[in-house]
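Next up, some structures in C-alpha cells.
Two complexes, one shared chain (chain A), two partners (chain B, chain C).
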Partner chain A sequence: MTILNRFSGSGALGRHLKPAHAKPLTAAGGVLAVVAALLPWVTFLLGDGAYPAKATLQFFDAPFAVEGYRLHVLLLGLAALVVTFVAKTPGRGRVLRALGWGVFAISLISAVFITGRGGGLGAITAADGVTAFGSIVGVVAGLLIVLGAKAGHLDDIPEWSTDLPRWAAYLALVVAFVGVLYLVASMLTAGGTGGASNPYAGPIFLAFLGMAGGLLGALNGLGVVRWISALSEKHRAFSIVVLLVCALALPLTSAGNEYWMTVATTIGVYAATAIGLNIVVGLAGLLDLGYVAFMGIGAFVAANLSGAAAAKVGIDLPFPLAALLAAAIAGVIGAIVGSPTLRVRGDYLAIVTLAFGEIFTKSAQNNIGGLTGGSNAIPGIPNVEVAGTAFNEPITVLGADLPGGVLYYFMIVLVVGAIMAVFANLKNSRIGRAWIAIREDEDAARAMGIKTGKAKILAFLAGATLAGLAGAIFAHKLSTSSYESFKFLESVTLLAAVILGGMGTIPGAVLGASLLFVLPEKLREFDEYRLLVFGLALILIMRFRPQGLMPDRVRRAELAGETAGGKSIEEEEELVVEHEHEAPGPKGGKA
Partner chain B sequence: MSITDNMAAAPAPPVLQAQGVTMVFGGLTALNNVSLSLGKGEIVGLIGPNGAGKTTFFNCLTGLYLPSRGRVLLDGSQLAADPSKVTIAGVARTFQNIRLFPNMTVLENVMVGRHSRMRQDPISTLLRLPAFHRGERAARERSRELLEFVGLTRAEHEVARNLPYGDQRRLEIARALATDPKVLLLDEPTAGMNPQETEATRQLIFAIRDTGVSVVVIEHDIKFIFGLCDKVSVLVQGELLVEGTPEVVRADPRVVEAYLGKPPEEVEADVRAASTEHDTRGEA
Partner chain C sequence: MTTLLQQLANGIALGATIGLIALGYTMVYGIIQLINFAHGEVFMVGAFGGLAVHRWVLPESFRENWYVSLPLMLLGGMAVAVAIALIMERFAYRPLRNAPRLAPLITALGVSIVLQEAIRIWFPNADSAQPFPKAFVDSQITIIGLGPDGPEGDVSIRASQLLLVVVSIILSVLLQSYINRSKMGRAMRATAQDPDTARLMGVNPDRVIVLTFVLGAALAGVAGVLYGVDITNVDNAIGFQNGIFAFTAAVLGGIGSLRGAVIGAFIIGLIKTLGGQYMWGGTQYDYVWIFVVLILVLVFRPQGLFGEAERVRA
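Up next, the complex of A and B:
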C-alpha cells in the first residue's frame, strides 16, 4: 500500500514537496521529455527490424522525422512546458499530472518491451559502445512532471459556461465528436494487426493508450470533457445525430478495411451485450456470472433459424425475424432462470448464475437435443442479405468504396444505438428507479411498495433479451455458432468491461467492452503473457480508478470518495493539512 | 401538552387494528396477545423498555413478520405478510436506522416512494410517449410538494448520503408519505436528534396528522411521546401493560414500576441513557 502510494506520488513523497518546487519540477520534466523523444531508445537493431520510428538516433539522420510514440512523448513534453510557462490555464495541476502520466506510461511501456526483446537492461542503456537512454529519460521526465503537478496546487476542474449561441454549441459538439471519431480510428489501427506478422502491435497499441489517456486526462483537467458532456446533455437530439453520423463514418477513416470493420463489429456486439449486463449488474445490482449464456442462446436460436445446413431446425427465417425470435427466447429463458434466484442474494446469487452458465456451456458442448452442434458447432450460417447484397460484400455508397463487412458494422452501430436508447429510457423511469432502489437497499425498496421479485425478473428479462439480440448478430457475422464462444471467461470479461468502464453508465460499458476485446487482439504476439498483462492492467486500473473509467455521477462519489468539487477526499485532506500548516495554531503540529 | 381538544373529538372508526397479535420465535414468545387500535388522524405512541417487543410488533404491522396468532386489519381487511403489499394497502414506515437509498438524489428517493402509485407501461416508457411524460411529471410534482412539506426543497438534487442526519430522517418521512399512506409508522423518529430537531419533528408529525394520516410512533423519549400522542401503549416483556391517554399512562404505577420503579422524571433520564445503547444491541 505504501509502495503504491509512493508510486502514485500522493504519499509521503508528495507531502515533502512544497508549492515552490512545482515549477522547476514540471519545467525540468518537460525539457527532459522533449530530450527523451530525440534520444535513441535502443542500443541494437531488434531482430524483427527496427522498433517503430527507428528508435535510434534518427532525429539527427532525418531532422523533424520524429514519429510514432516518440512524437507523442515530444508533444506531451511540449504541452507540459507550454502549460508551465505560457498558458497558465485553470486546472493546471490536473492537466500537468495527466501529461506526466502519459509521458511516463509511453516511456515505461517502450522500456519494458525493448528490455524484454534485447534480453536485458543493456538494451535501454549502453551496450557495445552504443548508448540509448531515451526510455529511461522519458520515465524520469514523466515522474518529474507528475511530482511537480502534485507539489503545486491541484485546483478544481473549471466549469465553463454552456450558454452559447446555438451555432457555437453545435460547432463545439461536431468538433468534439469528430475528434472522438479520429481517436477511435487511430486507436483501432494503432500498431496495426496483431500477430506474428507484426510483433510490435502490442507495445505500440499500449503506448498509444498512454498517449490517449494523457490527452484525455489533460482535457478533463481543463474542464473540456465536462463542458462537452454538459453541452451534449443540453443539445441531446443534435448530439445523438452527430454521434451516429460519426460512428457511421468510421469506414471512411484509416480503419476502413475489412479487418478493422470485423474488429469494430465484434466490439459492437460485445458492447451491446455489456449494456444489457449493465442493466442487471449496474442498475439492479444483481451479480450475474453466467450472463454470456443468454448471448449463446440468442446465437444458437438464430443459427437454427438461419437455414444453415448443419442446423437441426431447418427453418430459414428472414434475419430480422430470426433476430427478434432469438432475443425473445433468450429473454424468456432469462426470466425463467431469474425466478429461482429471487430467494438468494449477493454471493449466493453469483454462485447460482455461475452454475447456470456452466449448465449452458456443458449442454451446448454435448449437443443437447442436437440443437447446438456440440463440438462441431453450427457452421455455415449464411450471411445476412438485403436486396441481394450479402452483408460481407464491399459496397459503394455515393461513389465511396466501402470495405467488406461494412454492412455488418452499420447494422451493429444501429443496434448499439437502439440498445443505448433502451437502457437510458429504462434507467430514467419507474422501473429503473425501482432497480436502483433494490441495488441500494432491498428491504427499504420493499417497504416502498416495490415488488422486488417482479422487478428483478424484469431486469433479468431485459438484460437477456438484449444479449440474445447481440448473439443473433454475432452468429451471422461469424457464420458459425460454437459453445466455445460462450464460456465462463467471456462472462467474466463482460463483467470486467462493465466494472472497468463504470457501472451503470452507457459510455462506460462501450469503452470497457472496446478495451477488453481489442487488447487481446493487439497483444496476440505475447500469447503466453497476454492474460498476465491483461490482468495486471485490470488490477492497476481498479487500484487507481475504482469508480471505472467513465463513472456514474453517484458511483464517482461513492467509490472515489470525491466531493462536490470533483476532488478526491485525499486531496481535500491534503488541502486541510496545508491550511493547518499555513495557519499557526494549536493544531499546526509536526510536518 | 395541549392536545386535549383533539382527544375530545368524536372517536372515528379505527383505521388500523391489531387484534391479539402473538409472535413466537422457537420457544420465545416475543409478543403475547397485543392489541392496538388507531383511529383516523390519531397519533399513537408505543413505548417500553429495551427488548419489550416494540420492533417485533412493528414488523408484524408492516408485514415483515406473519404473526403466529392474531391479525392486523387495515380498514377492516387483513394485511398480507408482505411489506410491499402492506405499503400498497396504505401502511408506510420509516426505519430505526435510517435506510434511504444513499446514492440516489433526494428527489429520486421520494419518487421511488411514488412507485406503487403510478403506472407506466413498457411501450410508453421505451418510446417516451406522452403518457410516460405525464406520469413522470405528476410523480415529480407530488414528490416536490412532499419535499416542500418536510422542508427539503433546497436539497432536491443532493445525493441522499450527503444530507445531514436530521435531514435524512425527514427525507425518510417524505419518502414514506409519497406512498400516500393511511397510516404512517415511525420507528424512533427522533433518535440521535438534538432538542431543536426533536421539536421540529414533533411539529412535522402534527402537520402530517392534520393531513388526515394516522401515525404510530415508537420512541424512547418519553417526554416526546407524552407531548405528541393522543394515546400511548406501554409494552413490557411482550405484553401490553397499559393503554390510554398520556395522563392515564403517566399516572399508572405499573408503568413507573416497569421503568425501574422510579418516578417519571428519573425514568426519563434512564430511558434516554438506555436509548444510546439501543442501536448497538437491537431488540428481540
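Up next, the complex of A and C:
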C-alpha cells in the first residue's frame, strides 16, 4: 500500500518540481538504487530455488556477489549516476526516465512477489529481528530518478548521422542484432519454465522484462534505436541476412533445448499470423474479430491433406503442397468473407467477422462434414520429413548437436523471414498506399481513383493466406488440430498482439506476438489469473499506450497526439478503423 | 403443429430475455456509438448478484416465499449490474471518449474478459454451473388438445417464461415512455442526435451517458435474475452468448431504435428455437443461423428493420 501511495503522490509532487531539482533527485535516486541492490530483500528463506537464494540475508556474507535482478538494479542505478553527471549525454531526460522506470519496475515486481509469498509486508520490511528494505528502497530510487528526469528538460531524441563507411555501418548492425539475439535468448530462458515446481519463473521473467524495457527505453532516448533502424533501412539486404543468421543461431544459445524450440516455433507461428492480421487491421484499417478462423482453416486443410489417420480426406500430399493448398483455401475463404466489406464498415464489419469466426468454431466443434474431428480433434498428423529426417528429431549440423524440434524452428524462421522481406516495403508500395488511404478516409481514397473494393478484398485475401500457411505449420508441429485452438479468445489475443506491438509495423506485430505468447509459458503458476490479467492489460494499454510499443511513424502522430498542437481529437476521430458514410450522423459532424 | 407451437413459445421467452439486454446495447450505441461488448457480462453479473442475495442475504424463512425473495433478488441483481456498469463507464470508457473508435472497442473486450474471469475466480464454485433458485411459481400452463397425438401433444409453458415475457414487455414500454416524455429522456434523445448542440442547450453529456449506462444495466440485471429463475442454473459464459444474441437483435432491429431492439430480439429468439428444430443440423447449429441472419442483415440492410438510413454510422 505504501508503494501505491507514494506512486500516486508522484503526480502531485511533479508539479512543484523545478529544473534545479533534477540533478539532486536523479543523483539521490541513482545512489539509492545502488544501495538497494546491496541491501537484503527478504526477511525469510523462500525455499531453495534460484530466486530466494539471491534474495536472502545470506547475501551479507558476500556483499558484492550481486546477481540476477539485483544486478540489473545495480547496473541501471550506476547508469543513472553516470548519465546524471555527464552533462553532455544526448537525450539525457529521456534516458534517465527510462532507467528510473526500469529500476521501479524491477523493484516493484520483486516486492509484490516477495510480499505475496512471504504472507505480508513483513516479508520486505522487518521480521524476527531481521530487516530487509531492499525492494522498498529500490522502488523509491526508481521514482526519484523518474521525478528528477521529469523535473529536468525532456529533449528531443537526438538524430545520429547514418553517413558511415560501409564497414562501420555493418559492424554496428552486427553488434546490434547480436545484442538482440542475446536479449531474446535471455528473455526466453529468464526464470526457466513456469509451473508448480518453479513458481519463480513469472516474477523473474517480469523483472527481466522491466530491465529490458528500461534498457531499450534508455537506448531509444540516446537515439541509438532510431539510428540502428535508419542504418538497417539503408542497408536492408545486409540487415535481413544478419537478422536471419541471428535468428537461426538461437538454438546455439542458452535457449537451445527442445522445450524452448517448441515455444519459439509457436511464437513464430503466431507472429506470422499477426503479420497477416496487421495487414488487415493495421494497414487497411478493417477490424477483424474472427481472424483466427483462417488459421484454423489452414490447420484443418493441412490435417486432411497430410494423411492423418483420423482425417476424412485420405489424401497424403507432401508438406509443401499441403501447406500451399491450405494457404490458398484459407485465402479464398478470406476473400469471400471479406466481400461484405464492400458494403459494411467499421464496427459493423467487426461484428460480421466475429459472426464468421463463431460460425467457424461452432461448425468445427460439430465436426462439420466429418472434416474437423469435432471434440476429438484430428490427432496423428505426421511430422514433416525431409530426406528421411522427421522435423521433430534432434540433428547434428557441422558437429553442433541441435535439440529436437529445431527443424520446425528453422522452418518458421525462414517463413517469417520471407514474409517480412516481402512485406517490409509493403507500406510504400502502390497497394500498401491504397490500403493506408482507405484506412484514413475511404471516400477520399475512392475519389482519388483507388478501387477500394478490390483493395479491401485483397487485404483480406493476403491476411487470410498468411494465417492459413501459419495454421498448416501449426498443425504439423502440434501433430493435432483441434477447434479449441481457434476460438474467439485467440482472435482477441492476436488483435491484442498487433495493437501491443504497434499497429501497422511488422516488427511490432512480431514483438507483440512474442510477448503475448511467451507470458503464459512463464506465468503457469498464475494460470488461474492469466485471463484476468490479460483483460486488465487490454484496458490499460488502450488507456495509456494505444499506439503500442513500436508505433508506425504516421500512426504515432495520430494516436498519441504527438503532433504540434494539442488539437488532435478531430484527427484521431478520423484515424481509425471506421469512417462516417452517408451524411454525417448525429455525432458525426466534425465540431 | 404441436412442436411448432412449443418452439414458438420457447422462442418468445428467449426473445424476452434477449430483448432486455438488447435495449442496453441499443441505447449506449445510440448515445456514444460504442459497441459495449461487456454489456452481456453485465447481464451475467446481474444473475450472479441475484444468486448472491438468495444465498447470503436472505434469511431462511424468506427464501420459501417467492413474492418476498424474487423482488429482493431482482433489486440485488440490478444493484450489482448498475454498480459494475458505473465503474466500467467511469474508469474504462470515459477516459477514451475522444479516442479513436478502435480503442473503446478493444477496451470493451478487455472489460468483458475481466468480468467473466472475476466471477469464475471469486464467486464461490463458479468455475462450474451454479444452481439458481426457482424463485417463482413452479408450475406450467399446459394447453391441451392442440395436437392430434393426445397428451404428448400438449404445449406447455413455464410460469417463469410467462413472467419473463410480461416483465420484458412492461419494462420496454416504460423505458420508451420515459425516453419520450421525461426531461432526462429528452436530453438523451438530444445527445444522441447531436452531442455538441445538446451541450450548448445546457445538457450535461456526462450525466446523460451515465444515465444511459445505468438504465441499460438495470434492465440487464432484471434479465439476468429472471433468466436464472427460468433456466435454474447459471455460469459465467451466459453473458457472452446472450450478449451476442442481444447485439444481433439490436442490429437487426436497427441499432439506436428501442422498438427495433425488442422486436429484433423476438425474431432472434424464434430463429434460434425454430432453426434448431427445423433447419439442417438441429440444435447443434441453432447458434449458426443467428449469425447467418446477422451477416445477411448487415450486408443487405445495415440500418436494420427500423433504423433510419441516415443515422447508420457504420
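Following the convention adopted for this analysis, the second predicted complex is superposed on the first by the 524 of 591 C-alpha atoms of A that agree within 3 Å, B and C clash if a C-alpha of one lies under 4 Å from a C-alpha of the other, contacts with A are read in each partner's own complex, and residues count from 1 in each chain.
Everything that follows uses one rule, which is that contacts are C-beta pairs under 8 Å (C-beta built on N, C-alpha and C of every residue); 3 or more make two chains touch, one makes a residue touch a chain.
Treat the numbers as computed from the prediction; the structure is a model and nothing was measured.
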item: Partner chain in contact with A:449 - chain B first, chain C second, else both or neither; value: first
item: Which of chain B and chain C A:495 touches, first, second, both or neither; value: second
item: Contacts of A:355 with chain B and chain C, given as first, second, both or neither; value: second
item: Residue contacts with chain A in the superposition, chain B compared against chain C; value: C
item: First (chain B), second (chain C), both or neither touched by A:441; value: first
item: Which superposed partner A:538 touches (first chain B, second chain C, both, neither); value: second
item: Contacts of A:43 with chain B and chain C, given as first, second, both or neither; value: neither
item: Which of chain B and chain C A:485 touches, first, second, both or neither; value: neither
item: Residues of chain A at both interfaces, chain B in one complex, chain C in the other; value: 558
item: Chain A residues touching chain B - in the complex, by the definition given at the top; value: 421-422, 425-426, 429-431, 433-434, 436-437, 440-441, 443-452, 554-555, 557-558
item: Touching residues on chain A, where the partner in the complex is chain C; value: 287, 340, 343-352, 354-356, 358-359, 362-363, 366, 489, 492, 495-496, 499, 528-529, 531-532, 534-539, 541-543, 546, 558-559, 569, 572-573, 575-578, 580-583, 585-589, 591
item: Residues on chain B engaged by chain A in the complex (per definition of touch); value: 62, 82-84, 87-88, 92-93, 95, 99-104, 108, 111-113, 115-118, 120, 125-128, 132, 135-136, 139, 159, 161-162, 175, 178-179
item: Residue numbers on chain C that touch chain A, as the complex places them; value: 32-33, 35, 92, 95-96, 98-107, 109-114, 116-118, 121, 192-196, 244, 247-248, 251, 281, 284-285, 287-288, 291-292, 294-295, 298-300, 302, 309-314
